[in-house]
Amino acid sequence: MRKLLWITVFQLGVVLLGAAPAMADETVLLRAGWLHTGDGAAIEGGCVLVRNGKIAAVGRDLALPEGARLIEAEEGAITAGLIDAASRAGVGPGAGEQSSEFVPRLLVADEVDLTSPDFQSLMRCGVTTVYVSTDSSSVVGGRGAVVRTGSSRGKATLVSSQGALGATMSADAYMRGAFNQSPFGAPTATARRPTTRMGLVWAWRKGFYDAMALRDGVTPPSGNPVVRSDEDLRVLIDVMAGKIPLRVMARTRDDILRVVRLSEELGFTFVLEEALEVYRCLDVIQSKEIPVIFGPLLDETMGTRLPQESDRLCLRTPSMLKDKGVLFALTARELGGESALPFQACFAMRYGLSFEAALAAVTSAPARILGIDKRVGRVEQGMDADLVVWSGPPFRPTTRAIAVLVEGVIVHSEAEGDGS
Amino acid sequence: MPRLARSLHAVRLRHVLFAGILALGIPGGSLLAGAILGREALAQPGRPPVLAIRGARVHTLTGPPLEGATVLVRRGEIVAVGTDVQIPRGSSILEAEGMELTPGLIDAWSGSLVGDGAPQDRGATSDARAADAVDPFLADEIQELLQGGITTLHVDYGYPSGFGCRGAVVRLVKGSAGSDFLRVPEASLTSSLGVSTAQPLLRLGELKGLRSDLIAARKYKESWEEYDEALEEYMEKIEERKKKDEAEDKKEGQTTDPGKPGDDKPGDAPEKDKPEDEPKGERRRRPHASHVEDPVVGEEDLQRPRRRPRPEAPPPEETTEEPKSDKKTEGDLDKPIRPRKDPRLELIVQLLEGKMPLRVEAHRAEDVLNAIALAKEHKLRLQLVGCSEGYRIAKDIAERHVPVILGPTLESILPRRDALRFHRPGTAARLHEAGATVVLGTSSHVAGGSRFLRANAALAVSHGLDRDAALRAITVEAARVLGLDDRLGTIEKGKDADLVLFRGDPLDPRAAVEVVIVGGEVVYRKEEAGR
Amino acid sequence: MRPRSTIRTERSWALRMTVSCVALALVCGSEVRAQDKPVAIRARKLFLGTGDPVENGLVLMRDGKILAAGANVSVPADMDVLDREVVAPGFVDVMTRLGAYDSVLETARPLVPEARAALAIDLDHTDFRFALRSGVTTAGVVPWNRTVAAGRTAVIKTGSLSGRARMVREMGPHLLTTGTPAHSWRIGPNSSSGLMELLRERLASASKNGLADADLRRVARGEETVLLDCEGAELQAVLRLVSATGLDAGLLGVEDPTRSLRELVAAGRPVVLGPFELGARGRDLRAAAHLSAAGIDVAFTSAAPARSPEALRLSAALCIAQGMSEDAAFRALTTIPARLLGVADRVGTIERGRDADLVVWSGHPLDLSSRLEEVWIEGQRVFLAGDRQDASRRGLSSSRSGMGAREGRR
Amino acid sequence: MTKLVCLAVVLASCLTFTGAAAALQGEPGKLVVKAGTIVTLGGDEIRNGAVVVENGRIVAVGTDVEIPYDATVLEFPDKVLFPGMVNCHDWGGLDRPNESIPVAPFLDVADALDPSSVDFEEDLRQGVTTVGVSQGHDCIIGGMGRAVRPLGLTPPEMTVKQETGLKISVAARRRSNRMIQMSQLRQAFHDLDEYTGQVAEKKYEDDLKKKDKKIEVGPDEAREKGKALLRADDLDDKHRNLYRLTTGAIGSFVYAEKAMDVKVAIDLARERGFFDRMTLVVGSECFKAAATLKEAGRPVILTELVHREQDPWTGEIEETFVPGVLAREGVRFALLPEGGSLGARYLWYQAARCVRNGVTRQTALESITLVPAEALGLRDRVGSIEVGKDANLVVLSGDPLDSLTWVEKVFIEGRLAYDKDKDIRLLELLEGLTRDEIEEGGEAMESPEDGASGATPEVDPETDGGKDDGGTEGDGSDGGFLSGERRHAG
């Protein structure tokens, strides 16, 4: 029986832990100048009724039920809570796992500091759910975690520790860690198994082919210096069977196309992360229907913050993705403060994205990519009440979140925005 | 204790009421007095209001504790102490029955309130002042210090080899941004022997450095004294010549200009020159601002620093020697050579003159003895800091009447710092037995440790120090070491009203600090702090 | 600087050491049983460790055990009764490295559960005397937390009539580590998630009755108390691991418990805090008070010899000042650490049948200004304040001059 | 069409920057800028008004102003005209912000200014027309600052005002601490005293000698009397600026990192006589000393907008929005761009943040125009659209504080200095093209199998066509534009 504890039961996508935490029974009515439901509709003077942590009603003229709390923003707007699908909040800049290039059973959740002020500040600017992505310094680097930034207890809560498997197709996997992490002075390139892109791709292939062999009942050839145990390979089997989603961090066009080729060869589907140069291979992405989590947006005209791999920027990438009809989300990754998710949307709009598309890129699209779109990402009756009330038009530099609800609990509100 | 709470509440309310009056500039000392002044007192403006603390066991530290005594405070001063003190009508009364009242605790060796000082960059090599590093905006830390019953601390910033920084005495008065906060900006000069290094040769070097600095300072002082003498002579000569010239002038008659020759002329000159001093005219001459006029900078210019020769302005070093040749032409008048001002040596001169005490952190017995010998040689006011091995040479220290400021008795038994490895928790007791003045501090090496000064004293007691001596070591003896024993350290008439009310034994850190009064003003109250 | 590894993990070496150690214990044992005359101590205030102190209580001991203790104990009329001020049980310090500072560090492999601190302790080390004189009579000597499973703690009595410390339990609790100290780039995972993954895997395989990891089997099944060092790890992640695996873990190295108080309470595992010294943060002291008020077992440790063993008593006093109840603070120095070390049936309280480990104080044991006057271990007085010849002082002067001589001073 | 446009753009970019510079030196004609909205900041907003510029100065502003017959008239009926923004404390254009010599009042930023720095290009793109270049904070007494326009080939050409102020820091330098900082600062002034004393004494004696008089006072008195004779030119380069500072001849920018530094800085300035022309450059904690700042009455330059502090009891981070506090207290503050990858790098965005956090719009707008102008001593020349001021005008596509607004044209002293339609760099960034690709005209085929870099990129013809309307408008084609050449400058 105890053994069961050790077996990680995994369902499709990300499982929201069933039992919702004890939530306030409070009934809340939100009313604002505009209500953006997330499926293209904008209701003027829209209201949202929240009860038992769920959205009970959405409409134009909802009456204030007895004893309900009213939050009103005449000039403002209501949207669904924002979702960052590839954040690095709550994880220090510290070590990616270096003992192996291939650690598919690692859990990012073990590294996430739920008490980190990152979550607090994200929550205050309207982000209600984040997916914490894996570090990019391993070839295959473990499973991400879903975190809600607020709760009735005032802190971030872990929703799932069994997120997608993160993998890297970038020089990070053989450069970054090696030069940052050695506690014994001068690192050597030999400390990392792949030291070139050739080796990197080999590590991918080796892992997947060994997994295939295991799946087909063949003992994988020994002497694989990358894979630690069969358990690791079983994760890849699940990936190939579509039971575990795969995230691939790739920046340059070449790397992106390389993953596309591998996916055809090895038979997996994946979500693309970071994707700096995705604008150079949009047609492939479009035809293969690969979801993209783009970001963070770099508008450094001097290009100083660009990763070494690429010196090419395209600020209009989000709107190009939109034009091609690619399912894409925006992410701020490790950035917070004035570069956090709502401001990514703000600047995506500055660089050509429409408001509806920007809203979708930070709410419904990431929800779909994370497989939680049945519960969050839109303002719709029956969905979780993750809502943001903005002081003005959303995603403008002069607009702030005046109230944030997570599962019906008001986790942030400003006194002047409080009615009733 | 609801009664206490109520009366305190009253104090607070009135404080708010009269905050405006305070702002109008009632002298700092009477702040609390102003605050608690009731309507009665307003009616009779001549009499400043009184705060009465009633019923506490009062550790006056001038004698045995007084049971159930009353302390009256007016204008920030203690005006009466005793069991039979009449409380004037209209006083604010602080009921303190069952509590113990002591003078505000004084940490004579603290590293608190210096905010951003990372230990590794502590230790200054120049004439640094700890006062510059004391951050009065550390509200949370101040609150914690008050919670520990601390009202005054000697803050320093580490003890480097050689003459280091000047320690500052901080008094935690209300409104820390005010000027009263730094009670004594320059209270002592710090130094150390055998702390920064354990190498015997380097340690000798430290001692040698101190000694040669002292000798240099002595010479410096002498050279200035000589200069002053010579100057006096010179001035006399000038006077003589002036009289002679005037006499000659009179003889020659009123043909030359009638004004006094020396005085006015130079005065006139600047007014003529002033217009030229305007930025515009001046800018033209400056090389830096000259891009507009000569945008092309010659190669020559690039190669050597841009400095135009200035015959008028002598380089600073030369002036001291030049006058000789110059003044020779003047005839009989030899202007004395002014020695160079050296702020660092002037500081050490203050030590030699006994205006400032020298604090030496030393732990090993031989370092301590060296410090004592050095102080004897140069007649310095020495204070020993640290003194971990003091138990071995307690007699020598006592004989020389050198006060000892001991650090935490809780240093590690494994040598975290080499200097401390022979540290014994019983040092305080042994020194006290031998008759030395013992003061307990918390050490500037333990950032933020001051609030547990009481714990430190209690541990000294548990290792044999007399209870009374332990309390004295963090109040009156500490005040004496800081040179503030005329104002602080005991509860007696005429002293500053820095008081702490404990619910229980003052030396037991488990006993809470209920009220802290500094300068007659309540600065901390347990139920208000809420923490 | 990394201390040199000195535990040999090769089986043969371990075997040799075990044999020699057993021999050592036999030798010690013969000395222990020297006394069989009963001794009685009457205390003005007797802290039994089971509740409120007893006024004018009496402790009767014989053969190193307590025969009776309490207010209503009668003794034979002809027996000498020692009158003392305050008598309390000796303190128990969970996590020390007394007598074995750098010889309990093993980094040969990511997991060395077979290592035993007991094999590396110098029972004659002066460290024990310092501990003794701070009122600590029982101490756990814990291996360094540099590997995921670092081996077994040893439980030591800090003194005896001969001045030597004495082994009580060689097979004390295991130490597991999930925190930053165990990050090692060469021999194993270098991230918290990597460590936890490794630990999870090994516990899983250990619970499956495999031959490998047999050392950890009982731990993995939650049948044995284990010390879990989570210094630098994400506390909430560690707590999730603990609940998921059902480990019976005492948590060491908990950093900033304030931020995860609720989760700590929910996990319900004992927490070892401290040492709190003069630089301690108020919120950490407050957290100790909160945890104990919420019913969590809190134990204090001094981490001697890196810190003074006196920090134990100081920790308790400072936490009381921040609102911890005196009773909880007292238990945090006695019964709770005793239970964590698996010796609750022998030490921690003054009760019939327990070891006669007593400390005589001049006042309340948690009043910092109280003086320690006598220490009794297993019915024998091993320390008497002011007695220059007492056992605990023996060797001090010689070791001191030894240090001086080595340094070439004087 | 697309090709043609791109070609035109490229040709324009091949001209060197001298084009713009030449235009700057030539005699400017008369110019009238009409706009749908004019945010003057000196007075009310004007609807459908016009600004008349003559010789680089504004001569008339209003709805019914007389349009000179010989003026070039530019009409922007649906645009917003805004005064050029002022970035008053920046080390853009310097290769390194700090000199390792801690006390260096003899330095001048002009000697290190790189006119072709990308920073200036970026300033123009964001509507900044005046930049106060200064040394960084890591100094004790730093060099002399200078106000420049982000346009020109040489520092003199760029200069708006020399000697805006000497940089001083009362906060600790890196790897140092406050005690050492203050001690060295005191030492610097002590050395100045000693040196000026000696020079003054000598000057006095020489003066007497010249007049053939004999000395009749002692050395101390001679120093005092000599000080009255002393002129800045009598001192050497090393001390001159510091001396001029103490006589009030030049201003200063004093960096105060923490609240405790504020009083120290003000006391120092009062004691040494440079208070009246001092500007405090403050860190985020200084809001705690808001009352002191208010009392001082000098403008304050804010380096960070948000202060974060940990509550020692809960461990939680408390955030304070600093401009909000200062605005409530009535302290005049100027904003600076902050680091980071998105908005905080722009002045207009910083002002928008202020509005987001409750500061009034007027205060926020002034904090990027008038107040920084005052801090540079240029309040009578820049910072608002008022008669008599420099014609530094920014044509915006919308509200100045909205992220969807773009800077379309920038006029500096009446001359077109920036035109978005000719901003090749912006085109590169927006579309992700390289110069070569723009040259080739943006036809591309995607070739997934071709991994070699430098392959023809894929560009969506539609998106590329979006740039079509550029260039054809073409007013002021002699104006400045941005050259991609400067991409790797500095």
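Note that the chains take the letters A, B, C and D in the order they are written out, and that residue 1 is the start of every chain.
As a convention for this text, a residue touches a chain if its C-beta (ideal position, glycine included) is under 8 Å from a C-beta of that chain, and two chains touch if they have at least 3 such contacts.
Since we're looking at a predicted model, the values are computed, not measured.
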{"item": "Chain whose mean Cα position lies farthest from chain D", "value": "C"}
{"item": "Interchain centroid distance [CA atoms averaged], chain A/chain B, Å", "value": "57"}
{"item": "Centroid distance [mean C-alpha coordinates] between chain C and chain B, Å", "value": "45"}
{"item": "Touching two or more other chains - residue numbers and ranges from chain C", "value": "259, 282, 286"}
{"item": "Contacts with two or more other chains, residues of chain D listed in rising order", "value": "312-313, 315"}
{"item": "Contacts with two or more other chains, residues of chain B listed in rising order", "value": "144, 531"}
{"item": "Pairwise chain contacts, counting only pairs that touch as defined", "value": "A-C, A-D, B-C, B-D, C-D"}
{"item": "Of all residues in chain D, those that touch chain A in their complex", "value": "118, 121-122, 125, 306, 308, 315-317, 319, 338, 340-345, 349, 352-353, 355-357, 401-404, 425, 428-432, 434, 446, 448, 451, 453, 457-458, 460, 462-463, 487"}
{"item": "Parts of chain B lying in touch with chain C, wherever the complex brings them together", "value": "144, 200, 366, 408, 410-414, 416, 421-422, 425, 442, 446-449, 452, 455-459, 461-464, 467, 470, 505, 507-512, 531"}
{"item": "Chain D partner contacts - residues on chain B that touch it in the complex", "value": "115-117, 121-122, 124-130, 132-137, 140-141, 144, 157, 165, 177, 231, 234-235, 238, 241-242, 245, 261-263, 265-267, 269-270, 273, 276-277, 279, 282-283, 285-289, 291-292, 295, 306-307, 310, 312-316, 319, 326, 330, 333, 335-336, 338, 340-341, 343, 531"}
{"item": "Residues of chain C that touch chain D when the two form their complex", "value": "256, 258-259, 281-283, 286"}
{"item": "For the chain A and chain D complex, residues of the former touching the latter", "value": "115, 117, 120-121, 254, 257-258, 260, 277, 279-284, 296-303, 305, 312-317, 319-320, 323, 335, 337-339, 343-344, 346-347, 349-352, 391, 395-400"}
